[in-house]
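Structure incoming, see below.
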Amino acid sequence: MIAAALLAQSDNGFFRERTDSCVTDNGFCPGWFFGHIDRYTTPFLQHVFLVVVSVGIGFAIAFVLAVTAHRRRWLVGPVTNITGILYTLPSVALFFLLLPITGRGNVTAIIALTGYTLLILFRNTLAGLDSVPEDARDAGRGMGLTERQLLWRVELPLALPAIMAGLRIATTTTVGLAALAFFAGAGGLGEPLEAQKAFKTNVVFAGGLCVLLAVVLDAIILIVQRFMTPWTRAA
Amino acid sequence: MTVTASIFSTFGDALDFIVQPRTGRGGGEVGGLSNNLQLIWEHLKLCIVAMALATAIALPIGLWLGHTRRGAFLAVSVSNIGRAVPAIALLFVFFAFLGAGFANVALALTLLAIPPILTNAYVGVREVDPDAVDAARGVGMTGLQILRRVEFPLAVGLIFGGIRTSAVNVVATATIAPLAGVVTLGDPIINPSIYGEEGRLGGAILVALLAVLTEVSLAAVQRAVTPRGLRMQSSGRTPRGRLIASPRRRVTTTP
Amino acid sequence: MNQTRTIRTALAAIAALALALGLVACGGDDSDSSSSSSSGTTATTAQGTAAITKNADNASTTLTIGSKNFTEQQVLGEIYAQAFAAAGYDVKKELNLGDEQTALKALKGGDISGYPEYTGTALLSFFEVPTKDLPKDPAAAFDQVKSKFAEQGITAFPPTPFTSSNEVAVTQQTADKLGLKNISDLEGKSQNLTLYGSPECRGRDDCLRGLENVYGLKFKKFVPVDIAQRHEVLTNGDADVSIVFTTDPQISRNKEVLLKDDKGMFPPYNSTFLMKTETADKAGPDLPKTIALVNKNLTARVMQELNARVDLDKETPQEAAADYLQQFDLVSSGS
């Protein structure tokens, strides 16, 4: 049955002669990567999306929590514990725990990634607010500022370095974690990474793109920080 | 209403998988306490080997750099790079270059565990009260003696913080070790075929519990070894209002 | 004071951006788990009319095509997806689902409309036909699968010419050293050998379980490893024995030796496209026509070449599938 089909089939040059090459041997061939870089574009953009959204939402939540806990100290313990648990849960486990509830896709991945950022962002924002010298606060009060004005005009600007440091840490760790997002069906650079995990070129460059993204995002936040805190720049 | 009910029953099945053995796809026994404990043990074996190796490598280097006050850039860069490299990428790089198997995966996990231990050891020693070090030097201690008898005991809280961070990362990453051919507690999650969907969820619950247990127990050890005078609240403020590095705080990267 | 405003604005902007992106994420969840949909191909076509023509009536039918998690499956899934799209259907893809149990579950649960399964896999994994009752003839195997699936409301479409069975493979050195020609030659020697297979191999009668029950073999160790590594583990010496597929291009490249199935453990494995009967009926006559056109040229040699395109040349399954459809004048190029 197969033989007959073979005889009936026309060749048309469909079959390739293959010799051993860097690519067929799963080797490290940088040229292949640069020739196929378009394969990594969509995963890269998905990755950026996941990181930015997760850190953004995480920062919004952590910021509110930190500002609230700054005034109401009894919140510090419980919030630290809860965000601590979220931080400890392995993301792969969290993806599959959320799956029955939120299904496959971006939502599940973002929920898990956001949860992971909360502890770092909360702790650093709170530490930043706590590090504001009492003198600065006294001076502000002396000028007649309300508590709210005090927060926005005195405490937050002085807390900015710590907040930004937290943002940098959260961003770089989220880039690393988002590489696992493909387990939840959300794409990201982990998908091409896993698809050809024995192909050295792919593994090195897909991983390398993750590192590059982390470095770039880190640098961006650092630049924003320098921009927003001119008083910390060296003379 | 039925959605909630089905979610509850799904999780109920998962819990059942954890305690009740059953016949998996193809006839072998899966699930149940003894089988799952076996998987947990495989998981821990990998983690313990990686942590032991990582501590043996990273701790001396970090301590020495902190003591000699050299290599600030190195310590901070290691920390940054370590955070930027995804654990799964590291796993697959080792897999692509060295193949499947326990040793290769353990090496990848070791590399993963090094940065927090090294950086925290560096910062811990570095931030020891300079007065204490001066006093020791005044008494005539050598560098090594100072490190051993003054700096290390004062830094041990932060050092343990690094070990704790690494341990939780390693436990989490060992979950995906089955992708590289090592069967761990992640196997029901990654390869659910013989375990079923309840096995997948049950495995996820167990992994989560294992990670939390690791974190909590190491946190307790860290609290126990930290000298009482240095124990901080998480706000990082001492009773005198100065900000000193908290043993429980992760290392920040402000230069 | 300017500083505060800047900070406040920046924070508000970040929060707004995050919220907006978050809303986009919630709304933009789609079931397309693989990369971009198959709209248009980049290669040039051969001269002549394409066999699959677009029928506007099909545009109202949405088909979600799934596949299992190894190369051949992904290529087949892509081929069917692109062929259906060329016929005018609205096609979505959910390739790389997992093992056969996961795929069938997705089919029965309505997550996918159809996927390509193997007759042998269905006989052993789904219908648990005992070894002694396994049909040896591919046509008989398909008939049995077709009637059993029909009882479950699933249509098994006529199969491909190629059959791709599980095979027991060793390196040339191992075969020479131990004098291995048939699987039964492993008797008495297997307890010193390590077997590598897919994770689901542990539970399958056409894999580890079959080797244990039919051939009475006990291996020193079974290591579950990702299906994509089935040849690497042989070449790098980790595995003494590995489970591979007939259509793997690496077999001849690496000069692996396939041991003969002298006790008839493996049934025929032709690929048959599965779909729920009600979905198939709604899809109209173009569906079976397209499947038949696609299957006609899927011989073992062609399937092996397609696998080689992905595994060796590192093309994407999408590219390999597009090449196949154009090579055999099934589709024309163009948007």
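Letters A, B and C mark the chains in the order given here, with residues in each chain numbered from 1 onward.
In this section, a contact is a pair of C-beta atoms (placed from the backbone, for glycine too) under 8 Å apart; a residue touches a chain by one contact, two chains touch by 3 or more.
Just so it is clear, the model here is predicted, and its values are computed rather than measured.
Q: In terms of CA centroid distance, which chain is the most far removed from subunit B?
A: Using the mean of the C-alpha atoms as each chain's centre, the farthest one from subunit B is C.
Q: Point out which chain occupies the most central position, where each centre is the mean of Cα atoms.
A: It is chain A that sits nearest the middle.
Q: How many Å are there between the centre of subunit A and the centre of subunit B, using C-alpha atoms for each centre?
A: Distance between chain centres: 19 Å.
Q: Which whole number of Å gives the spacing of the CA centres of subunit A and subunit C?
A: Here subunit A and subunit C have centroids separated by 32 Å.
Q: With chain centres taken as the means of their Cα atoms, state the distance from subunit B to subunit C in Å.
A: Centres of subunit B and subunit C (C-alpha means) sit 38 Å apart.
Q: Show the residues in subunit C shared as contacts by 2 or more other chains, in ascending order.
A: 226, 229, 232
Q: So which bits of subunit A are touching at least two other chains?
A: As it turns out, subunit A has residues touching two or more other chains at 26, 197-199, 202.
Q: Residues of subunit B that contact two or more other chains, please.
A: Subunit B, residues with two or more chain partners: 179.
Q: Spell out the residues on subunit B that touch subunit C in their complex, using ranges where they run on.
A: Going by the criterion above, the answer is residues 24-28, 99-101, 178-179, 181, 183, 187, 190-194.
Q: So in the complex, the part of subunit B that touches subunit A is made up of which residues?
A: 6-7, 10-11, 80-81, 83-90, 92-93, 95-97, 168, 171-173, 175-176, 179, 186, 189, 200-201, 203-205, 207-208, 211-212, 214-215, 233-237, 241, 243, 249-250, 252-254
Q: Any idea which subunit A residues touch subunit B in the complex?
A: Touching subunit B from subunit A are residues 26, 76-77, 80, 84-85, 88-94, 96-97, 100-101, 120, 123-124, 126-127, 130-131, 134, 161-162, 165-166, 168-169, 172-173, 175-180, 189-190, 193-194, 197-200, 202-204, 206-207, 210-211, 214-215, 218.
Q: Under the stated contact criterion, what part of subunit C meets subunit B in this complex?
A: Per the touch definition, subunit C meets subunit B at residues 98-99, 101-102, 196, 199-200, 202-205, 208-209, 223-226, 229, 232-233, 236, 238.
Q: In their complex, what parts of subunit C are in touch with subunit A?
A: The contact residues of subunit C facing subunit A are 1, 3-4, 6-8, 10-11, 14-15, 17-19, 21-22, 25-26, 28-30, 33, 35-36, 46, 138-139, 161-163, 226, 228-229, 232, 253, 297, 299-302, 305, 308-309, 312-314, 316, 323, 327-328.
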